[in-house]
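Please read through the structure below; I'll follow up with questions.
Labels for the chains are A, B, C, D, E and F, by order of writing; each one numbers its residues from 1.
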């Protein structure tokens, strides 16, 4: 997975094969992928297909997404890294084109990347509009000010909530139902900062302006209210440290807290 | 925030400013807000935009919503109180018009208010239809018989479930993922009663015909199976009391159970 | 509830009554139910109404669903058993037609039954497409390879996630927010096996290739990482056994862990 | 056909019978007719169904049509007279509801009646918009300033063009393809004035500010550039008088110029 | 052009070539042609795409068209003969698939063939509905009772009107704007009978229960009120005989009355 | 009307005034005109709004229209000349924006200009597709190979038909119902050539490869089968010369053949 050229060509070939095998999808695959000349146009087309509504014209969204992608080439790079993350970490992801076309967690991340650029350029009302549409369509609610690194995977995606001052590093995996929430009715820096390599299990809540250290792991259903040290596994409501890990949890995707604990006992 | 005239005029002015600044949204904002003469028409228009489908004509919904709002002026008053609640409690809510146009938790509450009036007037099948549409579009599933006070905020909204015999008082805040659920396969009074001023954290479940006392606070991810006394904070699976609070948790929106505990130690 | 003829005729009569009483729904009810000659056509019509999109023609879906239902008559039998399960277990389900038209948990199960048949017949790309659409529309994400018995009820449905190698027996009830998840980045058999009669409470996560014994009960918000013995109730993060039950939890729908515990003390 | 009550009740009964006999149309007939409480609402609903577009919301049109009909009750009276005209003059019009639902000539006239009221009230830009939509959908292009009496029938309708200063009296029949056109690039009174009882045959053109006398008849394909005396039949390119008639051509609908000529020889 | 197999296979190959060359159309061509297994399904799909509306579900039309075509295989034979007629007579028809996908005159004829079968089976209200939709979409208004032979071509189609008791033989060509109209307000047999091989020029009107003999030719813009003898050319308003022809005018498509006259002088 | 800058700025100002005065149109006018930065984008947006369908994505058309307009800047120049022609010749055209938004004759011409460029670039199948859509939506059927000058006006537009080898010069006016048709079933150069300044009246047919000289005038309803000399007026079925004119008929728009004849007697 060295260059953007590779991913785009690989996706085109995968999609051509799929279109030839499945007549019912040929129309969709031509319209969404094969008629386009690069990954950015496919992304703008697919996201506008998802986010338009009876009161927001699909061409208007398509136009604005194309322009953001042209003016922010780093978004397309991050998109490629996120596709690779899905392919490598999710055993159900058999093809590179699947996240682009079918994974709503992936699509929610890319909508946010575009939306964040709009927000930074001063188009806040539009960014709030798109946050709402993504929340309705993907069930993923990300404030447009949240900052994201690359190599991020949202597995399944449904019911993820990420607040205004949250910061995500690189190579992070979030399962569905994860909250990176704030606390209190005042503004300011009030959401979690997530280190590189972290994995957060299904339905876990991380609340307040706390730091989750590099390669930490948060068990499913946990509620985290305090900083977590690097390489540390926490679990429970409220969460407590139960072990250490030497690997990169976001890559391993191991949800088995107990197994993990056995493997990495505290000295 | 004294009179309805104020909120409606404020919203119109905010929206006019937004339409002038953001050409992409001008069309949507004129269609949804600026062409209308009062808040009730905007609400009927916006909710019909969200809840119509390929098999339910948008004009038919618009008509029925307009009539319910004309015959039940108290709904519009509650709508105003709910807008004010968002503006005051949610630091990401910078404008009064944001809940009306963009917050699906808010829209789900208002859909329910209309739906509850339909249910009480004997139109049960229509009420079930609209419950389903709101569940699909907002990810919020509220039985049309549930009774709601005013000043209610659903932050983010996704995956909230509220059962048939649930009762919510006034000035209540629910985070996303909250369940006010029943128990057992028999009918009758089987869902929670939530007191004024209560805040319930993300993904918490409150199950059975139990009472949550005024200004109680339920921590994120908790599972509550018994009554909670007024002003009391509970947390855990199953939830246990961990502190008292003197403030109104729904207004403070403080998710930090430990901080709260420190501040409000039991004597 | 002996024969398919009965359910279909009962539903037709219920719907005719509803159409006569509620003019706003008459159009929808004729289009979706009354113009059709059997339950399979209604199901194909209703699911295609839900799952088509701006890039997938509704007739193409309708056609493929009709053919799957013609070639797999056992699906229609399971549909009838699932309708009966809703009617018997959910006190808010007053009519047999409600799940078919309005319950997204039910509709997600039936989409999966069709999708599983497509997957088994080799149409994997189409199956992934439909998994995605169901995930967007119903908030229920089921891998098309997952195996389901009959008499299954998803109450509310939002935010249910079920992985590729999960197996569900017969007569099972899942509340909303339930995860039957995998672990690790490698493929192979890695998801839970759920026995007959099991009930899993709201927002509970069951992770890994573990067995949940017949008639076990998992409390709301629990995280289950190990096998659960038959008839056993587990609760907590991580979950621990707290009692035994002699009844069929999926049928009783009793969410009250403590009451259950009292009734069924361990010897 | 004495009172408006009669026509509306007759139409409702005809439509109920049709809905019961034809399942495929039951949905359309309930939505368009049976859910409404009077003829004006049906008309507003049906015309908004025809004239909305991807860039003009159907509710916005429905609202404006309802208001025009409320403020101009004489339009509904004319609508009833036009329905009666179709029923009496067109042997293919077996039911009173057919023009309302299916005859585009009739629908074009009613769109114009509403549009004329909008134009008179100063909403010229909206009137031009609707003239364009009617021209696209019905193939009938009527300038919103043209003045119409009652009892007017456009048989088939396609390709009728009527200019700004045209005036139509009462009880007039126009076949498809008729032009009531102007001449020259200057404004002012420049279109035909059509007397009561006139019939104009298919594809005939009447050009300039000329008067067509009461009960005149213009043969198919004719081009009329001069005044026509009352009761006179004209034919040809350019048209010449060929006979007189003692009856009311608009009611008789006799297209046979020669037969007519024989019956009504000039003395 | 011997067998139906040939035309269908030829069309598939033409369409595959077109889809490969023109990416913008690949999606449309797969959806409309390539995913289908025979000509009847393509026709039902394409006509339902054209005739559905915001108040008539596209699947409902698709279903009813499929059933009519299954029960009336002679319609598909006529469709093939009409495709061949376009290909042979219209120099702008370079491919067999063009009429099926793009020629509204052709599509109007096939809509009528289906509609006539519905009318004969007693579904008059549905037939009137479809007559109206075809009139709006194609600008061609054909009463569902009119009887058509095979090998019929409507060139361009716009503004053709054909009445209730009209009868068209085989191998007939009508240019746009042609009227086969009735006369008078009484029912009964009142429309023209058109013999085999006849060609009727643009904007010509043929009115009343008259006979147009085999291989007659009617000049553009003519108005015909009396029988026309076989092989005879008529022209003018009203039309007079100006010559004889020995060929089949419908096949020759020669609009040049004068040239024709020279070639075929009366002895 | 000297420069393109003027027309575009004038149109923007007219549209801003209209949007401020007519709330119902504000949304449409922002979406279609005010959000765009130049005339070409407005044209691509408006024509894609008109020509997309349930089987042709609106973004795909918008994209292809934008590219054609970028690569063929002379089209935008012709568009401006055609707008000016409407404004100057049609007394009902009070504003420069009316043709762009509302006149289907104008829109049909511009669709053809784009379509002709596609045809010349080898995209014939796409061009046929768009010819069909324009024929359905505008009732104007123009073969994509026909060649057009600038300053062309189609008044009303309905039922205009123009064949493959037709050529239109500059400053030409066609009324509705005009046919520029071919003759015979063989290909080759077979349609009329229309000189500069010509006006053709309503429903006139000009057939065969004949030349209509500069500033000729053809009366309404005429059928022209032979060459017409410059400055000559013809009328009738078939048409004969009846006078001469010294002005430019396309600019004068005088339909009054007799008046014209009086003014311009042959010596």
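In the analysis below, a contact is a pair of C-beta atoms (placed from the backbone, for glycine too) under 8 Å apart; a residue touches a chain by one contact, two chains touch by 3 or more.
As the structure is a computational prediction, the values presented were derived from the model and not from experiment.
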Could you give the fewest steps needed to travel from subunit A to subunit E through chains in contact? 1
According to the touch definition, list the chains common to the neighbour sets of subunit A and subunit D. B, C, E, F
Give a one-word verdict, same or different, on whether subunit B and subunit D use largely identical residue numbers at their interface, taking over half shared as same. same
More contacting C-beta pairs: B-C or A-F? B-C
Centroid spacing, where centroids are CA-atom means, of subunit C and subunit F in whole angstrom: 59
CA centre of subunit A versus CA centre of subunit C: separation in Å? 27
For subunit B, residues contacting two or more additional chains: 24, 27-28, 31, 35, 54-55, 57-58, 60, 139, 158-159, 177, 203, 221-222, 237
Can you name the residues of subunit C that touch subunit E in the complex? 31, 35, 45, 48, 57-60, 62
Subunit C - residues contacting subunit A, complex: 53-57, 60, 64, 123-126, 128-129, 131-132, 135-136, 139, 141, 143, 158-159, 161, 163-164, 177, 179, 181-188, 190, 203-205, 207-208, 221-223, 225-226, 237-238
Please name which positions on subunit A make contact with subunit C in the complex. 18, 21-22, 24-25, 27-28, 31-32, 49-50, 52, 58, 88-92, 94, 98, 101-104, 137-139, 156-159, 175-177, 201-203, 219-222, 235-237, 251-258
Per the touch rule, the subunit E residues reaching subunit A in their complex are 19, 23-24, 26-28, 30-31, 34-35
